[in-house]
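Both complexes shown next keep chain A, but they swap its partner, so chain B is in the first and chain C is in the second.
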Partner chain A sequence: MSYQSIMKNISIHDRVFEALKKAHDVQPKLNAMVSFIDPTSQLEALKPKDNTLPLYGIPVVLKDLVNMKDTITTGSSKILANYVSPYDATIVKKLKEAGAIIIGKASCDTFGMGGTNKTAATGPVYNPYDLSRMSGGSSGGSAVLVASGVVPMAIGTDTGDSVRKPAAYSGIVGIKPTYGRISRYGIIPYASSLDHVGFFTNNVLDAALTLEILAGRDDLDMTSSQRPVEKYTEACVGNVSGQRFGIISNVTDAIQNKQTMRQFDDLCQKLKDQGAIITKIHLNDDLMKAMLPTYYVIANAEATANHSNLDSLRFGVQVEGKDNEAIMMASRTEGFGPLLRKRFVIGSYALFTENQEIIFRKAQKVRRLIVEDVQKALSSVDCLIAPASGNGAPLIEDSQIDLLSSEYLVAENYMAFGNFSGYPSMTVPFGFDGILPLGVNLTCRPFEEGRMLNLAQGIEDLTGLKDLICEVKP
Partner chain B sequence: MKYEVVIGIEIHCELKTKSKMFSGAPVVYGAQPNTCVNEIDLGHPGTLPSLNKEAVVKAIQACMALHCEIDPLVRFDRKNYYYADLPKGFQITQQFHPIGTHGYLDIETSDGLQRIRINRLHMEEDTAKQYHVEEESWIDFNRAGTPLIEIVTEADIRSAKQAMAFVDKLRNILVYLDVTDGKMEEGSLRCDINISLRPENTDAYGTKTEIKNINSISNIEKAVASEITRQSALLEAGEEVQQATRRYDDVAKDTIMMRLKEGSVDYKYFPEPNIPPIQLAQSWIDQIKVDLPELPDARAQRYSSLGLNEYDIKQLVQNKALSDFFDILIIGVKNIKLAANWSCGEILGALSQKQLEQKSYALKISELRAMINALSDQIISSKQAKEIFPYLLKGESYDHVVTSLDVSQVSDESILKQLVEEVLNENSQSIIDYHAGKDRALGFLVGQLMKKSKGQANPALSSALLKTELDHRKP
Partner chain C sequence: MEKQSKSYFIHLAHQLRFDLGDKEAQDITDEFNILIDQMDLLNKIDTQGVEPMVYPFEEPTSFMREDVVNHVLSALEALKNAPSSKNGFFVTKKVVL
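== the complex of A and B ==
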């Protein structure tokens, strides 16, 4: 559902309560919501305001990592199952100021750590296009709520590809702008140097509008940028003529699915026909293969420190113990599943003094090399482009994946370069793998969101794949 | 055997900022527990640090006063450990790139002048404060996130006396900079003293102990001296010093074992990802230097050039609040020495240190100045000044007190006698006239005396004193 179509409904009350009803209706099928928020007080607060606010009365959902005062924010974890936020994230303030009504929190992999949404404390989220398939993650709940037409926009976060991948699997637009473009204050972290706030919409123009609202300097986030926010909606004209696209051939070479590649080649041909300049860019193969392990080291090292605050002494689910130390130990043991504990162990291991040089520091060096390689590529083209994944959404049941194949290491995980570099990156739908949507990823130079959205608009115009809604019958 | 004492000191100093190191919550000493906290101080999920600029300025001021090299690229790191008083599960500190390095402080003791090198000065945040009440432990998070600087010396200190002199001088400098209130008894300045002994003329360090929880400057000397005695007794007896953390017990007058040092903890330091490196402009740093407040040594020099003696200078300079009081007092004062005497004497006796620091007294310095000037001009005597002073302390004006006490009449015989002398010496003809029976001569002399005293001499007493003296001078 686009902003435009929901605004046809004059009553903001109806807009919000219809969305809430739909969210409840699809819940048994999609399992996308973790908690619902009674919108009454928000609606009351909104009424006296100007109905020309950009998101006036638009229902939205937050990924369950986003703090909103007096609401439950669990991070889709067990340890924060009872956590009531004492404060608003900066983006929550911005959404409210823009007139949006927040109706609930969407499921994600615990603390955003995963790419399947299968690790959420409330269980997996199902793909509306095929309920036996995953939403992707970690922002899976947010993605499917937009894809199934419950809300026109949902907030996600993206540490490796956690917005862009589920967007691709759900046939919608998913964007994470440049690191520092949107404040992270109030978002439960995964890995601070890689975390980005992103979001999902049904079309590119809505994404441009949303970015205008969410972007900007926040003194509460020292990594947020001082740059003025551009008029992204005005940049979104879809003119690709003369624009230089660089196809990442490491990715396209690794993709085995012929259907995917045929449609991707078609798209590139159409772009060429519109006057775009299409070239192939080959990034360093060794670095591309090193991307995932490098990511794991950095992300888990930061995560183990980031989540050391979860000791259940001041908030969170507390397990009894004879003293503070015993409470901490018991609560953390009980509150974190084995997967999370494994991540923390890996992260700690990488940070031990005797390992730091050969693991953590080395990963930082590899990260720098990858960024330099991407930066070099973007000096000769305006945009790097490749399918966001080789195939449509995988089955929820564990499938056989060769964890060391190029298909997995490169084609399924390359988008983390957007997190390593902090460069703006987004996916838009470009075709189907059977009935499953496919997305194409665009990555541009830092703070060139305007250019990126314009190119995405061009692709959307060429494919006609916008405002795709996959209704789920209750 | 003769031993050489080797001492290094680490000082944690709470900065006197309005808000915390990484959050906007206020820093207020003695506030109700857990009232000066926000979501950042409590380590709530999703919060991020934002650096307090005022704290950086204060850290740089301290670096400058200690002649440190300043790293213009400010960076922070995480020190990871779990403890109930550490809300985030890590402390944000400057492990890899301290803001200040390679500084020094010169101290003077009876051993002579000595340079103590400063290894590093870095910024960090304080932890919360735990109280153990019977079976329970209570935590006050007000202190969590309070800005700190940690100053680490090289192992250049060689005696208890030097250790005390170093901390005393350092503390005074930091107080002059208004970087800290420097109160050891309230924990805003805490020192950990590392002590070891080694046979004279050897290089290898002996096993060290660390003394914590010293609550006053004078206890530093006592604590270090007793620890030196303890360690040398052990070594003399052929025993080993155990590497341990000890505390000084004020009552037992001895150091007491707190815990043995076991294998060191791996804090897994790594760069703080939420604070990007901040490049300080040289012009900004230079401006801090220009704006640097007067330091104790400079103030002592200024006092010396005003003609104060060593004793007064020392008295004043070691007490910044008093010295600040004195500096206001002497603006327009006629007799600096007198002002110094009054500051170090009556003022120090009448006002508490707290009153001086907080300027919470009714006394108006301008009125005290008026009194000191009158005293200097001999309009009033010191005896009268001592009568007037208690009223000034209550906030009354000098003129008002003088009128109401009727002390504007100079009745001090010693003052009047001197005036009589002067008048008679200057008017020898009148003495002859007086003894020749001319009554008007006495009237004339009284008039001269009144003129000399600016009309404040007690006429009756003056007249009587003149008569007596005239009789003495009968030709």
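== the complex of A and C ==
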């Protein structure tokens, strides 16, 4: 559902309550929502406002990491199951100022830590194209709510590929702009040097408009960029002629699925026919294979530090104990799921004084080398391009993958370089593997979102894959 | 990175103020072995003379503002989520016996 199509419904009351009803209707199948928000007061507040606001009366959903005053924000965890946000995140203020109506919080991997959405305290999120398959994560709830036509836009966050991968699995657009382009104030962190705000839409033009609304300097986020915000919608014309696409051959070489590669090759040929310059870029193989462990070390170490404040003494669900130590021990044991506990253990291991140099600092140095390699590649092309995943969404129970294979280390995890570098990166649909959507990923130089959206628009025009809705029968 | 025992990870978890079940500690031990193999991929890379990368890139973000109070979270609001509070303070178990 696009912004344009939902606006055909003149009554904003009907628009919003229809979306809310649909969210309730699909919940037993998708399990995508953590909490629903009564929109009445937001609709009242909108009444005196200008009905030409860009998102006037548009229902949207937030990932359950985003604080909105007086709403439950659990981070899809048990330990924050009762946490009521005392303030609005900056992006919530911006959405409200643009006229959007927030109707709920969407499920994610707990605190954004995962790529499957199987670790949410409320259980896995299901893919609307095949309910036995995963949404991908960590922003899986947000992705499937857009894919199933509940809302035309949902907020996510992306620390490794947590917007771009679920977007690919759900047949929608997922974008993570440059680090610092959208304020992170008021969002529960995972790993601060990698975290980005991102979002999902059904088409590229809606993504451009959403970015115009959300981007910009925020004094409350010290990593927020002071650069002016472009008119992304004007940049988004779909002209690919003369634009240089660099196919990441490490990724395409590692993909085993012939269906994916055939359609990707077709897309590249079509781009070429439109005057695009297509070349192959081979990044350093050793660095590409080191991507996942580098990510794992840095992200988990930062997460361990970020979440040390979850003591259940000042906020959070408290489990009884004879003293404060016992309360903390019982509350954290009960409140963290197994994946979280595992990640904290690994993260703290990397931070021990004796391990810092050989593990944590080593990972930070490899990060720099990865970024330098990507930067060098982007000096000769305008964007890097490759399928976002070798395959459509995996089965929920799928675990048949070699964790040391190139297919896994490279083809399924390379998008983390967008987080290491902070470069803008997005995924758009480009085909299907059977009934399952496939996404293609673009990465551009920092603050070149306008260029990236233009190229994505060009791809959308060539494939015709826009406004895809997978209806889920209640 | 060296192989570690199950009891090592249980001890580590206790330092982080949570407990691990026996099977969970075994799972972490097994997965740690995979991580050791993956870390070998990092160790193959020569990082001599490379500066650790802490943030994506240097982008000027500092700014000056008037020295006036703004953006305040009231004590009442800060205490709203506390499991227990009294007279504007968090209430915890007694720590000085």
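One rule holds in what follows: the second predicted complex is superposed on the first by the 473 of 474 C-alpha atoms of A that agree within 3 Å, B and C clash if a C-alpha of one lies under 4 Å from a C-alpha of the other, contacts with A are read in each partner's own complex, and residues count from 1 in each chain.
The criterion applied here is as follows: contacts are C-beta pairs under 8 Å (C-beta built on N, C-alpha and C of every residue); 3 or more make two chains touch, one makes a residue touch a chain.
Not measured: the values here are computed from a predicted model.
K.L.:
Taking the superposition on A as described, I'd like to know which of chain B and chain C A:D323 touches: first, second, both or neither.
P.N.:
The answer is both, since A:D323 touches chain B and chain C.
K.L.:
Scan A:A235 for contacts with chain B and chain C and give back first, second, both or neither.
P.N.:
neither
K.L.:
Could you tell me if A:L65 is touching chain B, chain C, both of them or neither one (first, second, both, neither)?
P.N.:
In the superposition, A:L65 touches chain B alone.
K.L.:
Report for A:V150: first if it touches chain B alone, second if chain C alone, otherwise both or neither.
P.N.:
A:V150 sits against neither chain B nor chain C.
K.L.:
See if chain A has more residues touched by chain B or by chain C, and give me that chain.
P.N.:
Between chain B and chain C, C touches the greater number of residues in chain A.
K.L.:
Which partner does A:N309 contact after superposing on A: first (chain B), second (chain C), both, neither?
P.N.:
In the superposition, A:N309 contacts chain B only.
K.L.:
Contacts for A:A89 in the overlay, against chain B (first) and chain C (second): which applies, first, second, both or neither?
P.N.:
A:A89 contacts chain B only, not chain C.
K.L.:
Where does A:V374 make contact in the superposed view: on chain B (first), on chain C (second), on both, or on neither?
P.N.:
Once the two structures are laid over each other on A, A:V374 reaches no partner at all.
K.L.:
Let me test your reading of the model: by the given contact rule, A:V440 touches which partner, first (chain B), second (chain C), both or neither?
P.N.:
Neither partner.
K.L.:
Please indicate which partner A:L287 is in contact with in the superposed arrangement: first for chain B, second for chain C, both, or neither.
P.N.:
Touch status of A:L287: second partner only.
K.L.:
Give me the intersection of chain A's contacts with chain B and its contacts with chain C, in residue numbers.
P.N.:
On chain A, the overlap between the chain B and chain C contacts is residues 83, 86-87, 193, 219-220, 222-223, 304, 311, 313-315, 323-325, 328, 348.
K.L.:
Mind pulling up the chain A residues that touch chain B in the complex?
P.N.:
Interface residues on chain A, with respect to chain B: 65-67, 73, 75, 80, 83, 85-87, 89, 184-189, 191-193, 219-223, 301-302, 304-305, 307-311, 313-315, 323-325, 328, 348, 351-353, 356, 360.
K.L.:
For a test of understanding, state which residues of chain A touch chain C in their complex under the given definition.
P.N.:
Residue list for chain A touching chain C: 82-84, 86-87, 179-180, 193, 219-220, 222-227, 286-287, 289-290, 292-294, 296-297, 304, 311-316, 318, 321-325, 327-329, 332-333, 336, 338, 341-342, 344-346, 348-349, 355, 358-359, 361-369, 371, 403-404, 409, 419-423, 446.
K.L.:
Touching residues of chain C toward chain A in the complex: what are they?
P.N.:
Touching chain A from chain C are residues 1, 9, 12-20, 24, 27-28, 31-32, 34-35, 37-39, 41-45, 47, 50-57, 59-63, 65, 71, 73, 77-78, 80-83, 90, 92-93, 95.
K.L.:
Can you tell me which positions in chain B touch chain A when the two form their complex?
P.N.:
Going by the criterion above, the answer is residues 38-39, 42-51, 78, 80, 82, 84, 87-90, 137, 139, 266, 268, 270, 273-276.
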